[in-house]
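You will see two complexes here that share subunit A, one where it goes with subunit B and one where it goes with subunit C.
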Partner chain A sequence: MKPRVAVFKFASCDGCQLQFLNAEDELLRLAGQVDLVYFPEARSRSLPGPYDIAFVEGSITTPDDARRIIRVREESRYLVTIGACATAGGIQALRNWADVEQYRRVVYPSPEFISTLSTSTPISEHVRVDFEVWGCPIDKGQLLAVTRSLLSGAKPVLPAYSVCMECKRRGNVCVVVARGEPCLGPVTRTGCGALCPALNRGCYGCFGPANDENMESFVKLLAQQGVTGDDAVRRLRGINGYVRLWRETADAIAAQKK
Partner chain B sequence: MPSRRKRSRTIQVNYLTRAEGEAALHISMRDGEVVDLRLEIFEPPRFFESFLRGRDSREAPDLTARICGICPVAYQMSTVHALERICGITIDPAVRALRRLYYCGEWIESHTLHIHMLAAPDFLGCDSIITMAEKHREAVERGLRIKKAGNAIVAALGGRSVHPVGACIGGFTRAPGREQLSALRDQLLRIRGDAVECVRWVASFDLPAANRDIEFVSLRHPDEYPMNEGRVVSSKGVDVDVDGVDDFFEEHQVPYSNALHCKVKGRGPYFLGPLARVNLNFDRLGAEITSIARETGISWPSSNPYTSIVARALEVLYSVDEAIRIIDSYRPPDRPAAPFEARAGVGRAVTEAPRGSLYHEFETDERGLIRSARIVPPTAQNQARIEADLRDLAPGLAQHPQALATRMCEMAIRNYDPCISCSTHFLKLNIEEL
Partner chain C sequence: MTEPMYMPKAALENLIALLRGDGYKVLGPVSRDAGVAFEEVRAVSDLAAGVRDSQEAGRYRLEPGVPGEIFGVVNGAGSLKPFFFAPDENLIEVRREGKSFKSSEVIPPPRRLAFVGVRACDLAAVAVQDRIFLHDRFRDTHYETRRKDVFMVAVNCTRSAPTCFCASMKTGPEATAGFDLSLTEMDECFVAKSGSSAGEAMLERLGLRTASAGEAEQARTLTDRCAAGMRRQLDTSDLPRLLYEQADSPRWKEVASRCLSCTNCTMVCPTCFCHAVVDQQEIDGNMSRRVRQWDSCFSLEHAHIHGINFRPRIEDRYRQWLTHKLASWIDQFGTSGCVGCGRCITWCPVGIDLTQEVAAIRASAIK
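This part shows the complex of A and B:
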């Protein structure tokens, strides 16, 4: 029997699950190797679990979703989060810093119709996660590599060092050194292919933190470039801003200011 | 006297599939009359408009892109155009052409995805593109080739096709060289025939007949098929500059949906997207494409929502041709982006997302920080129109078994290629603790 694969969506933009459909050259071959039993965006017939692999996109932002993810975990042998929302809470985790009272005062015609939590949290804050694929969006090649590993019974491995390494290999001119452009590259995980510097701009951290990051010296580097206070906080509180080390660093800068 | 037995019927679709995002449908009928009909959008709101406040304008295109993984280019384009109106930036013609090329890429990939992966399985009796590939391999492979070319255009300008990184206020962070675009040109030439075949293929589907009184709305430009610029026009006489749209359109909240409903003031629902654009800009498609459009046997402008899939395929073909034209006349701009200067003010823009007109309005302070943002995505605007179509359809469903009736409802919804993930982001936050 072919492995039963499911793709679940929580609060997200659909861009990470879209990477399955963007695998134009591999899609039909991959589809022959697995049974995509639950993938509502692509298939109208959905089958119940158990699932061998559950790919989970999106963060937890509603009471219903907080219950749903527990069921998904129970039904799945491997649970793999795909993307910044599922892995770090996503851009919508910016609400986690919102002044709740201020939001309440923004009068919506009928706010009682809408059910939501005050936070957006990653899947790992709710259930055990077997593997995390980072990125906003995830890289198609990484997604396929992880899928192949799981299908062959091997533990998936993705590099977690800084994107600076990839940037050098690619032969990009360093935007920090050459132009003094603020760049999150030194503390950001590799995986995107160092796209931003290749397009002449600083990295904004969409692949989340590298495993060898040094936040203290990074904050100093930012300060040397004149990026301090609110500006530094904004740069860290981005797409992966709720990730612990970036969150704590930004919170510390924000607290200093006060 | 004939008996007057009350006959009740409920159609409940708990999770609308082959659409982007999360929605459900509920229809209750008694004696063939609709007593309750709700397109329930339960996609969780993500509050972009709230957290954009206090962010730097220059971050905005990277942030709004995240509203939608399928149409990030549209969000980036409405965002930068709205913010550029505040800064008073003039765009280099070569940059303007690149933006149009960028949009061509997104229309190609998004439309092709919808045609092949979301809509076509309905017409061919399959549950997904994967089962469809067993019987219709050639058509599926053709679709994947076209889609890949669309993604390649977006990646050429923005590094990747989902949440591309090159677009900024003033233009692009780097403009491609001619040689880079010429490789793209070769790829587009190879799939041009595929795009023509695709129009004929979708036109050969057994499209349900319908003739509805619909108000179509899209941009209209003095001499181009509309993408980034134009006036907002409708098939019932609206013709207004983007700054005046609030005089003609209004939003209101309904209890069962996380997206607002939109209407033309004093009239009712309206229809956005490829069919609206083709209907209102048929004369801008060029002689060859209008002739291919007529060969389909559809009479344009079309008041049948099921012909949307053909309009979508026509726009794919148009975008392939337009992309080739842009590449052929491309000269790299002197600088890829006009310099940004922070200013206080209000800026609005409408651009044509794959699913229809996408409205953005920003207010910034003198440091360029965003004071407020208002974003009205096409699917939210189409929602009331989708419900109107379902109301028209519902009485005729009584004669069909449940599975078929359900599928007919889903097809009616898919005419709009609803992007439900986009439709909800703008609700304000209401807190409920677990």
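This part shows the complex of A and C:
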């Protein structure tokens, strides 16, 4: 029997699961390897668990979802989070620093229908996660590599070093050194192929923290480039702002200002 | 080496044309994205002429240079390294065949490369990498194939960047080996020398006359002055022993407080050769590529072996890098791993400078 694969969605934009569909050629070959039994974005047939591999996109932002993820975990042999939302809480984790109650009253005409949590949290805060794929959105190649490893019964491995390494392999001219532009590359995990620096823009940190980083020195570098206070906080609290190291760094800068 | 020849600036156009006619892809310093890189040049007008670089620790800018000056840029982040030791290359392909498998080596296609405008330090760096990849019986087929058919046109430095310290490392600013032709650029002309029989033949085809004693003298003065005026220095006296003895120097912790462990220094270094070998499988599991990628001793994974990381802290890794580069490299390969090009200083986002680190370690050792 082919492995049963499911793709679940929580609070997210669908961009990560779309990487399956973007895989085009590989998708057909993947479809030959697995039984995609639950993937509402791609097909109407949805079968109940158990699942061999569950890919989970999105963060937990409602009481319903907090219950649903526990069921997904129970039904799945491997649970793999895909993307910044599922892995780090996503950009919607900005609510973790805001007054959600007030938003609810101001934004929605009938706030009584909105049932929401005051936070957006990563899947790993709710259930055990077997493997995390970072990125906003995730990289198609990384997604396929992780899938292939699981199908082969091998432990998935993705590089966790800085974007700078990939940036230099690619022959980009460093925007920090040659333009004085702020760039999150030195502290960000590789995976995108150093896309933004290749287009002469600083890295936004889509793939979250690299496995080893020196935030103290990095914050000093930002300050030298004139990026301080709110500006520095905003850059760190972007797509992966709720992940511990970046959260603590940004919180410390915010506290200093007060 | 022949006697110095007088080469009018216009003859550079002929040189490029002749090399192209011989089937070489000609590469030289070309302006790109606020920097320069070795890229294809079809004519002199493709070169980053009339521009100069301004460099300091952690900062690089291109600025208007001297009109008529062709090789005004001292260097950019890219050396010749990626052309011979590729940043990302397929080594073998393994295919499933029934219950067995078949593997085949992927050899890069043959090509002829001619480099125009190579600095002495970069030639020295190629010689260092040759020792690593083409040593005795241990010959790297991929490196060897890429390195084979190369024509080198060196340009002697008459101006150094403030980050250069080749005079300390005895690798420049004048090219002494590893080139087919060397040029010294002056206001109105070049003084050209050959360094090989291929270079010799090329000089003949260019139909140049012998340089006058005055012209040759002037060229020599320019490179001598460049050497004498070099601002950065690295005191190499007894350096291996100093670094081995200072394995517990407090300076390692201090530099680690600034180092981002971002790997930029090792990526731009023309001699650093660390790499990782990774397997990339096709999704159907029927084919797998074994790929070699540039890696760095600054990356955490690099020292992760059999479940244990033996260089977990940034200070461990900075110490590893500097000690290997300047000390154990000599034990291993009979040459220093540093040619003094200054790239690691310029392209470090936080401007860490190995010459300063060595000086600090030396100073604290004496106390």
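By definition in this document, the second predicted complex is superposed on the first by the 249 of 258 C-alpha atoms of A that agree within 3 Å, B and C clash if a C-alpha of one lies under 4 Å from a C-alpha of the other, contacts with A are read in each partner's own complex, and residues count from 1 in each chain.
We adopt the following convention: contacts are C-beta pairs under 8 Å (C-beta built on N, C-alpha and C of every residue); 3 or more make two chains touch, one makes a residue touch a chain.
None of these values were measured; they are calculated from a predicted model.
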Query raised in the report: So if we stack both complexes on subunit A, do subunit B and subunit C clash, or do they fit?
Result: fit
**Report entry** Vertex subunit A, arms to subunit B and subunit C (CA centres, degrees, nearest 10)
**Finding:** 110
Query raised in the report: Taking the superposition as given, does A:A250 touch the first partner, subunit B, the second, subunit C, both, or neither?
Result: neither
Query raised in the report: Looking at the overlay, what does A:G185 touch: subunit B (first), subunit C (second), both, or neither?
Result: second
Query raised in the report: Is A:I82 touching the first partner subunit B, the second partner subunit C, both, or neither of them?
Result: neither
Query - Dominant toucher of subunit A (residue count), subunit B or subunit C - result: B
Query raised in the report: In the superposed arrangement, does A:D212 touch subunit B (first), subunit C (second), both or neither?
Result: second
Query raised in the report: Should A:V7 be classified as contacting the first partner (subunit B), the second (subunit C), both, or neither?
Result: neither
**Report entry** First (subunit B), second (subunit C), both or neither touched by A:L21
**Finding:** first
Query raised in the report: Counting only touches as set out at the top, which of subunit B and subunit C does A:V133 meet: first, second, both, neither?
Result: neither
Query raised in the report: Regarding the shared-chain residue A:N200, is it in contact with subunit B (first), subunit C (second), both, or neither?
Result: both
Query raised in the report: Which of the two partners, first being subunit B and second being subunit C, lies in contact with A:R43: first, second, both, or neither?
Result: first
Requested in this report: Please work out how little space separates the C-alpha atoms of subunit B and subunit C at their nearest point after superposition, in whole Å.
Outcome: 10
Query - subunit B and subunit C contact sites that coincide on subunit A, given as residue numbers - result: 200
Query raised in the report: Contact residues on subunit A for subunit C in the complex?
Result: 23, 26, 29-30, 32-33, 144-145, 147-149, 151-152, 159-162, 164-165, 168-174, 176-180, 183, 185-187, 200, 211-214, 216-218, 220-221
Query - Residues on subunit C engaged by subunit A in the complex (per definition of touch) - result: 32-35, 37, 58-61, 76-78, 82, 87-88, 256-264, 267-268, 280-285, 293-296, 299-301, 314, 346-347, 349-350
Query - Residue numbers on subunit A that touch subunit B, as the complex places them - result: 9-16, 18-19, 21-22, 24-25, 27-28, 31, 36, 39-46, 61-63, 65-66, 90-92, 94-95, 98, 100, 103-104, 106-118, 120, 136-137, 192-193, 195-196, 198-201, 204, 206, 231, 234, 238-239
Query - subunit A partner contacts - residues on subunit B that touch it in the complex - result: 15, 17-22, 43-48, 50-51, 55-56, 59, 62-63, 66-70, 72, 113, 117-118, 121, 127-130, 133, 140-141, 144-145, 147-148, 151, 158-163, 165-166, 168, 172-174, 252-256, 258, 336, 410, 421, 427-434
